[in-house]
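Same chain, two partners: chain A is paired with chain B first, then with chain C.
Right, the complex of A and B next:
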């Protein structure tokens, strides 16, 4: 049963990216916008509007940098192309929509599902650890963004160069914070899990 | 800048605050010590009222939250992005560097920082040259917190539960006369 559920989730992910990310609907901006709206409502109903909007807010620096380069490339008609702006807008919708979609659909995989998988205990530990760490990472992302917005040395400087440097520094800090957090959290969760498993085994012998 | 007296809704904590007197921030040297029982919206007051007001006024500030363990990731990462190699620094030293990197800051907010290292006294000593207003939430002795700022004017903000009705806590924030 668990395997069927996971296969269904995997199929939904492949279908989503197959249709919207790489397939026939990729260039359909209205479809992309509708998909974004749908996954946002779905995720908000599963969690809360605050969490969903927090995730979207976390993607804003990346979207802003995408837009910036899209406009520059469009103005420069890079490689003779005139569709840079349209292509950038699509990517600006796909990026948050994919993140929200993945978070929403992966939330249906529970720890019990992982435990019931026909895998070795070590592999199940790995999957549980990854799920636990990323779940915490998702929760921490909004808080990290909020903290970083307050540090005086990351404040925006005048002019567009200053604004760009500020966004880049903030975004880099966010990614690095998340990386450091996930690195420690993964290690911590794995050790905790192994420790508890060992005690349970000792207790049952 | 001023946080005006009045009513403030903190829906995520189901608290309605009545701030009895204006708070003057960064106008002159001062320290605000905030006390009150858990669940009365002290942290939310800082994060939903005071800090947004500081941001609106573009008043540089530093805030160490209750979840400093989580916040330290952002401090370590953001300082590394500034080109400072901080991989091996202890948390206490990291915070000292963080303060030194932020001489523009005028307000330092510490939320229950009594339980962390370095202690608030060290943080105050390291930042007295540029900070003009300290705001501290403490569950410890308010006099001890007040003493950190030496002879600066100090104010005590007490969060009192007035009524808990319809799932909403009505909390009065009394500002006591400045300590001498």
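Right, the complex of A and C next:
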């Protein structure tokens, strides 16, 4: 049953990207907008409007950069193309749409589904800890970024060299702190799972 | 910190999240990111934790993490190419971690070059991109590969000083 559920989810993802991502509906802006509206409502009903709108808000910097480069490419007529702006608008819709769609559909995969998979216990532990690591990491990333922005040692210095140094140090610190945090979290999750599994085995004997 | 399996899972998540975090769109529908720094860092960290088959550990962290970021971010079509390209980069970084001096840097550069080559071939064969798109991405990929080598190496040096108490 679990395998059927996962295959159905995978098929839905392939169908979604096959039709909207690179398929026949890719260039149809009204269809893309309708798909975005549908997945936003779906995700909001599944979680809350606050969470869904929060996710959409998080995509705004990327959408802004998409628009910025789209306009530049259009003005420069890069590669001789004149459809950069149209292509950019499609991307601006499909990016949040696919993000919300994936979050909504992947939320149907539960820890119980992973446990019921026909895999060895070690592989199931791996999958559970990967899922946990992603959840923890996603939540921690914003906090770490905010903290690093205000960290005096990493304060921006004047001039382009100072700005570059600031950015490099910030991202290196972000990678390092995220890894150290996730290592601890993953190790903790692993130990917890192993102890519970051992306890259940002892209890059933 | 000696559990390589735990480190691998943590690094897959780090690579995916960092790749997803900062992105600049490119003409061919791809994007520029700082994920390469995380890929090289992951390869170097894993090489210090495993004794054998370091290449595959680094390839798993770099390839799976980056491909996952493509899937999550709506760039599903790039995921297979990314899996190979970033896998090669992470694997070579792991091989570099077992070496010192010139061979160390040579493997890091080879990893970056293989990543660029894999993207070039993959994008050339892709529908709607072709040779024109693949060529236009050579320079951004070169910038990404170079920033990956330098940034990844510097981040690993900080990691060594912080965690292992050694100077890189």
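Please note the rule applied: the second predicted complex is superposed on the first by the 135 of 205 C-alpha atoms of A that agree within 3 Å, B and C clash if a C-alpha of one lies under 4 Å from a C-alpha of the other, contacts with A are read in each partner's own complex, and residues count from 1 in each chain.
Assume a contact is a pair of C-beta atoms (placed from the backbone, for glycine too) under 8 Å apart; a residue touches a chain by one contact, two chains touch by 3 or more.
Not measured: the values here are computed from a predicted model.
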Let me test your reading of the model: by the given contact rule, A:141 touches which partner, first (chain B), second (chain C), both or neither?
second
Should A:150 be classified as contacting the first partner (chain B), the second (chain C), both, or neither?
first
Residues of chain A touched: more by chain B or chain C?
C
Just to be sure I read the superposition right, which of the two partners does A:69 touch: chain B = first, chain C = second, or both, or neither?
second
Using the touch definition from the top, say if A:99 reaches chain B (first), chain C (second), both or neither.
second
Which partner does A:54 contact after superposing on A: first (chain B), second (chain C), both, neither?
neither
Give one of first, second, both or neither to describe whether A:172 is in contact with chain B, with chain C, with both, or with none.
both
Tell me which partner A:180 touches in the superposition: chain B (first), chain C (second), both or neither.
both
For A:133, using the defined touch cut-off, is the partner it touches chain B, chain C, both, or neither? Pick first, second, both or neither.
second
Contact residues of chain A, present in both the chain B and the chain C interface
172-174, 176, 178-180
Which part of chain A faces chain B closely enough to touch in the complex?
50, 140, 143-144, 147-155, 169, 172-174, 176-181
Looking at the complex, which residues from chain C come into contact with chain A?
1, 3, 5-7, 9-14, 16-18, 21-25, 27, 29, 34, 37-38, 41, 45, 71-74, 76-77, 127-128, 132-133, 136, 151, 154-155, 158-159, 162-163
Chain A residues touching chain C in their complex are 13, 17, 21-22, 62, 65-66, 69-70, 73, 78-79, 91, 94-95, 97-99, 102, 126, 129-130, 133-134, 137-138, 141, 168, 171-176, 178-180, 182-183, 185-187, 190
Within their complex, state which residues of chain B touch chain A.
12, 51, 55, 60-63, 65, 67, 70-71, 73-78, 80-82, 101-102, 104-105
